[in-house]
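Input: structures, listed below.
Both complexes shown next keep subunit A, but they swap its partner, so subunit B is in the first and subunit C is in the second.
Coming up: the complex of A and B.
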């Protein structure tokens, strides 16, 4: 049974359309990510799910009921906010208890819940402290504890990790994932960070300009992005976009890539279905890891900059007049200014229509 | 270099000292004069220390000095002021807090316009209000009473108190309100449990501000009061202007100090919070 269904939800402020017909459906226990650049409408959508704002049209279902006219507190949801939104004048125990008190949970039961949640998140020793006496990571735990105490049907996370430093963010990310696996609750998680989206989500909705650009599993979105925006947004460093023309050589369809020298022809896999497009302009999408270094059969490229990251080295160069990044093994990496032969692995390549920006194969 | 630094430091401290003395001198004169006897005042000089400290002038100013035809001292006026200030400060502060809470955290269509109009009230010179306010008070049957004065001060203070609270609450993250709503709390519960406990600095600022404004007000006090509802500022004025054969400087000074004492006490007790509240722009989560 569906845990959350969003049907044709729109939101407008005056003439500005923030959301233009959103449809999402997830099952109980799934981890849904809403990801997109700022201003894409993801936080508005979150607020609509929480009931903090109403949609202009459309329906929100939580479980088996339509909640459009249900107050936030009666939606059986809990939310973790970007700023944690801990009540500054209350200590940790009171912060967790506040929601239980307003719901008239008996005192003994409150204590039991607080003890359980505190144990789960290892914040037992912090119960008497004020939020101002906690570190960022501890505040994050308390905010999660407050949400967990309610044992809701749906958890909402609004950019919960963006105020943490890089190291802590990775730790907390793993903890959230572990928590989800243990509790098997349904989670909706808003982020602008594509790595969080990829690592945490069962389902990802990539949003831009109030429209869902693509809705699918992380791997689907990574391997088969629906359009140029999704392809460029997910993955780091981003996918290379190389303008080409579909050509035919010896009965094989392919594209010509030119670095520092003559153009080299590469055959496209049949999967891409480009028959009848010969001569047409396309954009070839190649991820940085889809390049190999080889002595023969490659296209000669002048390396402008190298960026060693440790496990890999990024090579910045140009193909068909466009900047590209190739991710290669550091052992054989050339130095900046050198020529290097790069072999594109086109088995996983994707093609986009330069006009509509959508994927054609 | 070091010598030069010392020189300029001396110049700075020297000018600060002169400024401090300049401002403290009137207080010094008032204090010393108020504990001198009339003979000493007549004989001595203005700046000399009292030879023989006497509190007779204070006692007279408090209970027997004449303000016009009655000779009751400032005592009844003082209690009138207390009876006016306490409810006026409490009501205007409470309403300002709720106004500020609504205008910052529960914005409605047109709330910015309402706020702009309230803000306008801060800049209206009170003299403009005298006639319409007199009519309003008459209409409500509150003319010439302490209740009427409380009403006037609440209405006139509301603009400032709303402004103070609104600007303070704007700095409180909206996410706190959202979190509380999801926790099941409503308008008043959020106000009393979350917002008000965070408001100590701005409450202090507002109470001090309102207390000083209302206690020191002369205009409304003189216009909207009758014999038995006059506040201390009017009493002081009458006391100082009542002409007897001799001008009793010591009584006048004692009376002025009595009138100023409550505001001084409030500043001493809460001044620390006053500065802190004025500078506390944002609240850290």
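Coming up: the complex of A and C.
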């Protein structure tokens, strides 16, 4: 059953079009991520889903009804904001109770809900404190508690972890995921952090300039990015883009890669469908982990910088005149300034049209 | 060595320059504010009439003051005026600020219009309202000209109501100022707090009453301080609008003091009344300053 459907939603503020025809459809229980750079319209879309703003055109369906003319409070949603948006003069208990009071939930039931939520989020000892007396992580928990107290059909999270420090962010990320697995409520989660997007989402919508660039599962988006923007935005370090020409050698289609010495020819897998494109310029997309170090069969590259991260070492070098990053095992990693033979694994390579920037294979 | 010398010299200048620069204004305020307060305090224990004289009469002037019906009318008027004016200006100002906070068009223009009265002196405000409220010239005449001949609005010349005309004019002057203070406060409230409350299902009045206005407590107290201060020193508005009349029905302590000290040759009595005003202001301001300083030291 569909939990949330967004149909041709557009939004303009005056003359500026912020959202340009958004279409999204997710099932109940799914975890949808809206990811994109700051200012691409994620919060605007979120506000439209919540009913805090109306769309300029298009429809929003929650469950099986059109909610365009339904007030936020009647949409059966709860929202967590980046700034937490706790009511500053109320203590934690009152913050959680406010929505319940407004909906005239009986006092005994309120207490029960608050106790349950506080236990779930381990904020029982904070109930008497004001928001100003809490740390960022604690405020985040309270904000989530306030949302959980509603027991809504749809959770909306607008960059909930952006104001936390790195360690806490990883912890809270895991907790949110666990919460979702336990409650199985549909979640829409906005972030500009691609790692959050990959780790949390069932479905990811990558947005840029008010347009959804690609909508799919995390693995689809990682393996088959629809265009250069998505390919560059998802994955860290980001995908290498190497300009090439399709060439033919001994009846096999491939590309030539040049590092320090002569160009070396590498065959492209048949999956990429490049017949008839011989001689055309393309952009070869290779993720850093799609390089290997080998003694033979590779292309010689001069290593400019190495960046050990612990489990892997990043090698910064150049191919076809373009900076690239290769992720290799630290044991045999060369030192900066040395020559090294890198073998690209083209089985998962993708090709982009340099003109339209879309994926051709 | 010369280096150490240079540093010491610099330290000396740095230490003394601020004191040297501040000394004249410090001296002037010492003499012309606190010196004269002390002199006035002394005069209130003397038999001064037209001119200061130094014949000590003890508390006689205070006894005369507390026996004077006119003084009690002024005190009562001040209480009435302060309560109505502060509550009224605060209510109207907050209401306007909330309206303006709804992201309406032409907000800049409206804000200027509401704030404009503040640019006028109380004398101008008083004079303008004197014409408007004058039964023979203003509102009442207008209504009569339009045919509502039974309409009467004679508060300005009615001893029972004249003080209320002062309240109206003072509210008109100060509401825009209150609005500006609260609007700035409202703008400081995180938008997403209001969004969260909307999703929680709270109506707009409930959002303001339960969440936004409580968060503006500091603004509320600052505004209260400023308005009380305006109320207590109100003088020019009364002089321009009613002149304290009819009779002395709209006298305030400040106009009482002025009348006694400068026009009716009762300088000792005037001095005593101004000491009473000083005590009132101190009773209001000192606790405020104390709490301010204490919280600053703590924070």
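Following the convention adopted for this analysis, the second predicted complex is superposed on the first by the 361 of 361 C-alpha atoms of A that agree within 3 Å, B and C clash if a C-alpha of one lies under 4 Å from a C-alpha of the other, contacts with A are read in each partner's own complex, and residues count from 1 in each chain.
What we mean here is this: a contact is a pair of C-beta atoms (placed from the backbone, for glycine too) under 8 Å apart; a residue touches a chain by one contact, two chains touch by 3 or more.
Owing to the predicted nature of the structure, the values given are computational and were not obtained by experimental measurement.
In this superposed model built on subunit A, subunit B and subunit C take up the same space, so to speak, and clash.
In the overlay built on the shared chain, the residue A:89 is in contact with subunit B and with subunit C. In the superposition on chain A, contact of A:132 is made with subunit B only, not with subunit C. When the two structures are aligned on the shared chain, A:222 is found in touch with neither subunit B nor subunit C. When the two complexes are overlaid on their common chain A, residue A:189 makes contact with neither subunit B nor subunit C. Judged by the document's definition of touching, subunit A residues 47, 50, 52, 72-73, 77-79, 81-83, 85-90, 98-99, 102-103, 146 lie at the interface with subunit B and also at the interface with subunit C.
Chain contact summary for the complex, subunit A toward subunit B: residues 47, 50, 52, 72-73, 77-79, 81-90, 98-99, 102-103, 131-132, 146.
Residues 190, 192-193, 195-202, 206, 210-211, 214-215, 217 of subunit C touch subunit A in their complex. Interface of subunit A with subunit C (complex): residues 47, 50, 52, 72-73, 77-79, 81-83, 85-90, 98-99, 102-103, 146, 158.
Of all residues in subunit B, only 173, 175-176, 178-185, 189, 193-194, 197-198, 283-285 touch subunit A in the complex they form.
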